[in-house]
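Per-chain numbering from 1; labels A, B, C and D assigned in written order.
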Amino acid sequence: MIMTKNLSQIKESVFQANLDLPNSGLVKLTWGNVSFIDREEQIIIIKPSGVPYQSMTPENMVVTDLDGNVVEDNLKPSSDLSTHVVLYKNFPKINAVVHTHSKWAVNWAQSGRDIPAYGTTHADAFYGDVPCTRSLTTSEINGDYEAATGNVIVETFSKRNIEPLSIPAVLVNGHGPFTWGETLSKAVENSIILDEVAEMALHTEALSYNRRISQDLLDKHYYRKHGLNAYYGQKGSTKNFI
Amino acid sequence: MIMTKNLSQIKESVFQANLDLPNSGLVKLTWGNVSFIDREEQIIIIKPSGVPYQSMTPENMVVTDLDGNVVEDNLKPSSDLSTHVVLYKNFPKINAVVHTHSKWAVNWAQSGRDIPAYGTTHADAFYGDVPCTRSLTTSEINGDYEAATGNVIVETFSKRNIEPLSIPAVLVNGHGPFTWGETLSKAVENSIILDEVAEMALHTEALSYNRRISQDLLDKHYYRKHGLNAYYGQKGSTKNFI
Amino acid sequence: MIMTKNLSQIKESVFQANLDLPNSGLVKLTWGNVSFIDREEQIIIIKPSGVPYQSMTPENMVVTDLDGNVVEDNLKPSSDLSTHVVLYKNFPKINAVVHTHSKWAVNWAQSGRDIPAYGTTHADAFYGDVPCTRSLTTSEINGDYEAATGNVIVETFSKRNIEPLSIPAVLVNGHGPFTWGETLSKAVENSIILDEVAEMALHTEALSYNRRISQDLLDKHYYRKHGLNAYYGQKGSTKNFI
Amino acid sequence: MIMTKNLSQIKESVFQANLDLPNSGLVKLTWGNVSFIDREEQIIIIKPSGVPYQSMTPENMVVTDLDGNVVEDNLKPSSDLSTHVVLYKNFPKINAVVHTHSKWAVNWAQSGRDIPAYGTTHADAFYGDVPCTRSLTTSEINGDYEAATGNVIVETFSKRNIEPLSIPAVLVNGHGPFTWGETLSKAVENSIILDEVAEMALHTEALSYNRRISQDLLDKHYYRKHGLNAYYGQKGSTKNFI
């Protein structure tokens, strides 16, 4: 049972978060999508498939159940919906997912490499290298492709024992980035940061004396912004939902 | 016999498509041109030569017959018209052609290399490497140069057995890109995508573990957007003309 | 005893200088901070921590004493305040400090390298290579980290015998740039110039015949803009405070 | 004897041409200058030194005689005036000069290399590689530096037997580009084109199969835009002054 008033607010928020992608220069044409999960109401709200940003409205946002079945007779959801669904099922602390083809993150995905933690800009948001998944197998590609994309992300975090909120980003091999967060704004912000550190890492390597920052510098920057002893920012500002 | 009302609408569409090039950052100064063919009316409508975008009007669009002879006493057509004419004659399914000197595609053209299909951003639009033509011979350059440019494109697609709508883009060796499509908007969109994947491919190579994506991932991404079993986007949205 | 009228003017100036960072493309999200010291009134005015630029007001600027203790009950100051405090104590001629994560300067900081003086654009602002500090030790990172960041900058300038106003910029190893100046506008301008020459230096190296400019060309460009015999610009324009 | 009405029109044109530099992204801060010579009236009109573009007015343009002596009691002229004067004296067909520190051209100047003619974008404007001068000697730097900068440009064109209007651009070694033309708009346009082809050439080399385009392709593209047999653009459009 969905409360109509709340739903229209969520649709508006998901709509705005989707618009943030082209406005931040992360998305060209229709190459991106943002979704939000309301775990109490048991619904997912996601961008419709292939609708230009200029003509998109909050009402166009598509509502599905937790398995990705459309619950309102409306536009088709983003074709990447199944990937979002898998992430929500396996990463219970996240409430928003963003997918883009932002160019610098894509470069790393296409090269099949993790983005190394070369500096504190990276460490402020990601506690370690941003992982790149293995390539999908032929049967994964020819089966339920978008779900397989989600599964290989989950596999990557599981095998490497990474907590999804400590590194809220991944590169899908040969494809591009997904990011997430506890809130819509955090998930979008992580996409912005990911593309910036992806560009920095590429040029850092070009300057040839590359090395990861030390573990203690990584710890310092990450934990002054995250966790119980964080002291960056104003009090109480880290827990705002949506 | 040209229907005046329809012609002025087509001129307006061709004018707008030409403006999309500088607005998308693909074209500086006057370095680009878009044309449209109305195969029923047997006319080609193309940007005039060397007119700045700021002062250009829909009425300035030049109308020619299918051999490129101007049929209205107006401005001179783009000096690349003969290339467009050759493409329309040899690629019967295309209705719009775009030429730019967009910088990332030009880099590949100047290096004389195909753009490899390094990722799904590429696969979503181009079913395989975007081909670069051979260099023109001295006699081709000193003869009907612009027609020879069209002919070497046709030769490239013919020799490699590429269907022009499956890879709606080419790099002319030492020169720059041409793209095309069934509609004006698709042809322009292909220029935008081409420059983006050209940039990504260059930086992907810089990251050194490069390889093409697998054939089945290429198939998956291309065919979820194209052909009978496409499921990306809203129903019925892929066939809009102009 | 702070004169209220003057203070509100300084807050406005510090606020504007902070806004100059995102407006110049040097700062994304909240990744930057500018401070000003009023050495007569013995106060430092600095950006608050983690406040978005869109909602920031001049009143939000935080006032501290010369040790960085907040003297107005207000927002928390930038978490980098201690670095600014160390710089003001050790570099008595500077009155403004800027910190950013501007991408091209960060690339050099992440590679742990000085930015070489490859051209006159560099020489116009910086009299020699822009130094990169050593890495911080584990105990420095786990102690008073932000003060240690200031100390390693001071150490770098002291060991290399560099006058801070002759090279008003530094790269903190693995982190990013700090710049300063006699005035707010000069400190911000130095951040703009630093990022530009950092980009130029990276691409100059890519072009492979790199070498520093000669000492006398460095002297010529620096001293036609700086010092008693400067003849660049209009008379009397180099000494405006704030 | 200067005709006042005409002079104010020229000042307005020089002012607008100077504004075109930051508007085209070629110039940051005050790093550029444009001048115009009225060979009949025997005056040079140039941007004042170090005046921000935002506060500059047409009246601020400085008028000098053909030796660079200020003939109106006004602001100081650009410190690069002497370079412009040398170019006007030695290149009698040019009527406008532009100097910038545009980043891609500067990269080549800092690497001390000519920009190779890698493609038709280059050939459309420059009939061959854009030359980079030798470095200035210590005595040239410490003498009349700005005149020496002009002299080394003239020496470069003379030794290599280049007609200044066939390659209306140069890189001063370790410094940056100068461009020129018969008109103000052509000189500014050449700066725009120079920076674009400088960027393309750098990335073309990164793609590793680099080679100059053939002499006949260079001839074709240059001469379809220039000279008696040019057929690009509208009739009579290539000779507009100012």
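We adopt the following convention: contacts are C-beta pairs under 8 Å (C-beta built on N, C-alpha and C of every residue); 3 or more make two chains touch, one makes a residue touch a chain.
No experiment lies behind these values; they were computed from the predicted model shown.
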Item checked: When chain A is superposed on chain C by its C-alpha atoms, the rotation angle in degrees, nearest 5 -> 90
Next item on the list: Quick one: compare the interface residues of chain C with those of chain D and tell me same or different, with half as the dividing line.
Entry: different
Item checked: Length of the line joining the C-alpha centres of chain C and chain D, rounded to whole Å -> 33
Check: Between chain B and chain C, what is the separation of their C-alpha centroids in Å?
Finding: 47
Next item on the list: Could you list which residues of chain C touch at least two other chains?
Entry: 206
Note to self: What's the contact topology between the chains, one of line, ring, star, complete, other?
What the structure shows: ring
Checklist line | Interchain contacts (touch definition) - all pairs | finding: A-B, A-C, B-D, C-D
Margin query: Considering only the defined contacts, which chain D positions touch chain B in the complex?
Written below: 118-121, 189, 192-193, 196, 199-201, 203-204, 206-211, 213-214, 216-217, 219-220, 224, 231-235, 237
Notebook entry, point to check: For the complex, which residues does chain A have touching chain B?
Noted result: 28-29, 31, 48-51, 75-76, 79, 101, 103-104, 106-113, 135-136, 138, 141-142, 145, 174-176, 202, 205-206
